[in-house]
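Both of the next two complexes hold chain A, though its partner changes from chain B to chain C.
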Partner chain A sequence: MLLLLPQALVDGILIGGVFITIAIGFSLAFGVMHIIDLAVGEWIMLGAFLGFYLTQWTNIEPLLFLPVVFAAFGIIGYFLQPVIFRVISGIKGDPVLMGLVFTFGLALIFKGTGLTIFGFYSHSIPSVFSAGSISIEIGNFYLTIPIMRFVGLAYAIIITIMLQYLLKKSNFGLAVRALAQNREASGLMGINPKKTSSYVYAIYVGISAMTGVLIGSIFSLSAQMGARYTALSFFVVVLAGMGYLAGVPWAAFLLGLIQSFFLIYFNPGYTLIAVFSILYVVLLISPKGLFGRGW
Partner chain B sequence: MGTYIKGSTIKLFALIFVALLLLPLIFRNPFSLRIATEALMWIGLAISWDVIGGYTGRVNFGHGAFFGIGAYITAILMMNWGWAFLPTLPLAGFGAGLVAFIIGFPTLRLMGAYFAIAMWSLALAFQQLALLMNITGGPDGMRLPTFLNPEFFFYLMLVMVMGTFVLLWYLMECASFGFKVRSIREDESGAMALGLNPTRIKIQAFVLSAVPAGLIGGIYAYWVSYIDPPSVFGDIITDQAIVMTILGGMGTLIGPAIGAVILFAFKTVFWAYLSDYQVLYLIILGVVIALTVFFLPNGVWGTINSYLDHRKSKKNDSLIS
Partner chain C sequence: MKRNIFFVFVVALLLVLPQFAGARDFFKVGVITSLSGPLATGGNVTKYGYDMWANTVNSHGGIEIQGKKYKVQLFYSDAQSEPSQAASGAERLATQEKVDFVLGPYSSGATLGAAPVLEKYKIPMITGSAESPLIWKQKFYYTFGTIPPVNFTGAGAIKTLAQLKPAPKKAVILGSNDAFSKSTAETFKEASEKAGIKVLKFSIVPQGQDLTPFMSAVKVLRPDFIGFGGHDDELINLVKALHQIDYTPKALLMHYGVTEPAFIEALGKDAEYVFGGSVWTGSLHTKSDILWKDAKSYFEDARKAFGIDVDYTHAGSTAAGIAFQAALQKINAAPPLKMEAREALIKALEDLDITTFYGRVNFATEGQFYHANVGLDPLTIQIQNGKVTLVGPENYAEAKPWYPMKPWKER
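Up next is the complex of A and B:
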């Protein structure tokens, strides 16, 4: 049992890397606009399928398409944001509720469209890294690292660093942070809240869709995968604290470790129960996340 | 909110009830009865969702859990313990209510989106639990003894849903309880300042919303005689109840009933003619809900109501001047 411990730890951290990127954009969008997007998993699904078809048509390495997917979905997100903004800022009804219900409708549309066009089958995106793996043997300990998962972790770290840089060092990031703090005041300081929100939403949708391509080549993709990743994304965002970006990597690694430990030491069927139960308990004990820094 | 038709309301209810009672005499074929029974079932689920979603203002993305709990309680009592059907029904309702009571204490403290996510994850956990436990038959589901009597199920569902409707109508539109839950929806701290106990009222509303769902789940299990985790704990139960309520109009009782009838009639026609493209139904659900939220945030009934109110107040204005 102990022999498998390093494998479980490494697996958990490698999977956790991908979970950073399914949640970081979502957390950013929540911090700025206070939108709970129930369609986050469906963006991942749609992005994965765009990557899948692009790879099939061109036979080029799918990782090269990441910027294309980002741009395509960024544009969709940019133009979708005003619609969502109109829904959540309407006079009628509770804005949080209206936003939830509206994005829930979007999720149904995306899921239905996905199932209609792509069918129920499961696919995977072949990458040059898919087959390879590194084996390490130290004494009695064996360790296998699939290269694709390592690429996933590297991708997650790059995205996180780029996002941090964008938010902390650029003028745009200053505007986003101001907007997250106080919408009216930032508007008075010459920031265009609508446009900035649109860019943030574009970044969120783009990152989510791009991560879909990576998930498609690490695990698999199918039109039904959306709900699962919505759940995992919520888990990470809630544990990190809604809108608190610095908490996201820790929560994501925790989720990865939960998954790999259940896979190796317990019954993998109980993984989702554990995930949902932990999510529920954390929401009850500390709705602001493990660090108490969320909204 | 519908109170101005109060005088004729009771007569209207009685009329609808008698018309529904006579329905099996007109439609003698089992297929029509089956559709009528399912329409009633959705009306019941939509109005019970509305108690917590519309009146109390807590969007519950886990309503299907209560339905599934009721269905599984009936199935387990009948199959594993050899009970007759009717005695299991009160327990199905009680079980759902008890679960709502227990999880209500911690969960209802959460606001808005947090409550939605918590209930959603809880419902998914229940579904996973039903997939894994032995007593529920796991992914194979449970097969109940078949009882081929459409009239029985129609009347049972009719009594259950009408009873729920009348009870909720009394509590929400006539008794003070309706004002209490609405005051919590509008301003919880304000309600507390006026001497109400929000926790207690929210839990009462939550249990009131869960019990009908459990009862309907119990009837459903015996009616279709086969249940498995996706069919009774699946997202589609909650999703449809929410779409129906929002389409009809939240915070009313007639609204969800109208929404349920519209959507279910549509679904039936759609299923019959386009059975090859069943997933298209998901798209249509999504489009319906997105368009409703965008253009008719008050739903069909809410919009009609405010139009009528507007006209009435105009008339009064002209009388005064």
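Up next is the complex of A and C:
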């Protein structure tokens, strides 16, 4: 069984790559605006469908549409953020709770609209990368790396590095970090909180929608797929520490490895129990996530 | 003041009167199915099947009872892919809508949620799309089903596989963790062992689980066939996972979902060679004098109405309506159905033995298949040239099974 160890490690990291793509935008949105966006799965679903139709109409590789999908949904996110801001900044009601309720409503609207427009059947986005894999077979030793998953991991790493660079090395990132620390004080320092929040929300929605295209190429897509990915991104972000962006990759890899090892070495039926148990234990010991740096 | 009291009295009278009005000239039919949630695909297919029955019956003027025709009106309840919501829906249909009978949910889990509630209110239900044997083991008196349970049909596909040459000797079988999928996997396992096929690995996996690591481990075992019990998108994801790790077993067997048009549309060439279990296809030779003369005419009507190639879930749901229709005509029961009429309806359903476009409908009255339809033969289908093709048993086969599977890269 030790022969399967490299495979379990590789699969865990590749699953972790998918988890990063799902959760990174969600973590950013929470870290800056303190919005628990329950519509994250629906943004992924809508992005996946845009990628699906663009591929169907043009017969071009879906991953080439990633910038188009990012731009389209970024614009939507930019104009939606002021509405969310208005909801969470009212006199009555807890802002986090109001954001939660509002985005839950958004998720329901998107899901219902998706079912009406796209129908209830599952689809798939064909990609040239879906067909290939790197296989190493020496005697009883097997190692398979699906190219599509590898592309997913590369995408996750690139997005993470770009976000880190944007936040740590640019003036915009400085403004975002200031905003995340203290909204009022950042405004006094000349930062436009509304506009900066709109940009952040646009980036988050754009990244989530792009992730949808990737998800649709690796798995199937359907109008009712969103809830699964909302739950997944929530697990990853809670484990990483709410809003702690740098923790997301590690949390994602940890969850990916747990899943992979349980599926290969133990009873696959206990995979979810294992994931929940680890989440529970980590939160019990460190309520602010793996690194104690969450909100 | 007096005027106000008079106004309140009139409104109250208007609200109360319909309760005592008694007779109505249409049947109130409850429909519980998953129109949203992860099982929305099958749930909506089921709804299409029920709609097709209702629309066709109404286009004929309704159900004829002693010379008078009564139309049917459907009252929907969304089970949201959750047994608890199916139970709430059943409660609402029974207490608020006061339906005469119910066309039951897609998915065995939702059926298991709704059935006890309908037992409480003594309302007959026929589910057109639930296949888990767990339902029939409960021996619900008011619940029937037109699709035979998977332990009745699933073994048929294994028999077809066992007759292939060279016969498969090793298998890996897995199922998703829900009532139907688990039963499917257990049936595959039991039937494989009976057929002398060694089951190398048997696992029940969480619903919606990414199965790539599991399949990577299976690849090392090199089974001759993989059998999987799951729902539509899970089947698509499994085929994609196998393609992504570049592993082609000699045969791939699934059950519900392979016959859905989305399976072929989503997977294209990768859908080819996949085996599935079924009880009905549009090309099946059936004869009937109720609403549709045969399977082909139903298939074509459904294609005109919905623009899709329908499968056995769609047909089984329509057949559920037909079963109620035939039983009501047998006992001459006009709406609304009182308690005695509903009891008589149960007896009529138990005695029912009719041939429809879907095939024979005959509910078992005892044993492990209690109230499930045992009038149909299990069929094995395979996707060949983008079409659902009957490949077994021999007396039903339209083509020979394609075996072994052509590697993904050579398609």
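One rule holds in what follows: the second predicted complex is superposed on the first by the 271 of 295 C-alpha atoms of A that agree within 3 Å, B and C clash if a C-alpha of one lies under 4 Å from a C-alpha of the other, contacts with A are read in each partner's own complex, and residues count from 1 in each chain.
FYI, a contact is a pair of C-beta atoms (placed from the backbone, for glycine too) under 8 Å apart; a residue touches a chain by one contact, two chains touch by 3 or more.
What you see is a predicted model; the values in this text were computed from it and never measured.
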Contacts of A:Phe219 with chain B and chain C, given as first, second, both or neither: second
Partner chain in contact with A:Leu115 - chain B first, chain C second, else both or neither: both
Partner chain in contact with A:Phe276 - chain B first, chain C second, else both or neither: first
Which superposed partner A:Phe104 touches (first chain B, second chain C, both, neither): first
Contacts of A:Asp11 with chain B and chain C, given as first, second, both or neither: second
Partner chain in contact with A:Arg183 - chain B first, chain C second, else both or neither: neither
Partner chain(s) touched by A:Phe234 [first = chain B, second = chain C, both, neither]: first
Contacts of A:Arg293 with chain B and chain C, given as first, second, both or neither: neither
Those residues of chain A which chain B touches in one complex and chain C touches in the other: 111-112, 115, 227, 267, 269, 272
Chain C-touching residues of chain A, taken from the complex the two chains share: 3-4, 7-8, 11-12, 14-15, 18, 111-112, 115, 120-124, 126, 130-133, 135, 140, 142, 144, 146-149, 218-220, 222-225, 227-228, 259-260, 263-264, 267-269, 271-272
Complex contacts: residues of chain C adjacent to chain A: 35-38, 40-41, 43-45, 174, 177, 203-206, 208-214, 216-217, 219-220, 232-233, 236-237, 240, 243-247, 260-262, 265-268, 408-409
Chain A residues touching chain B - in the complex, by the definition given at the top: 36, 83, 86-87, 90, 92-94, 96-98, 100-102, 104-113, 115-116, 227, 231, 234-235, 238, 267, 269-270, 272-273, 276-277, 279-280, 283-284, 287
Interface residues, chain B side, partner chain A - complex: 57, 59, 61, 106-107, 109-110, 112-114, 116-118, 120-122, 124-125, 128-129, 131-132, 235, 239, 242-243, 246, 250, 277, 279-290, 293-294, 297-298
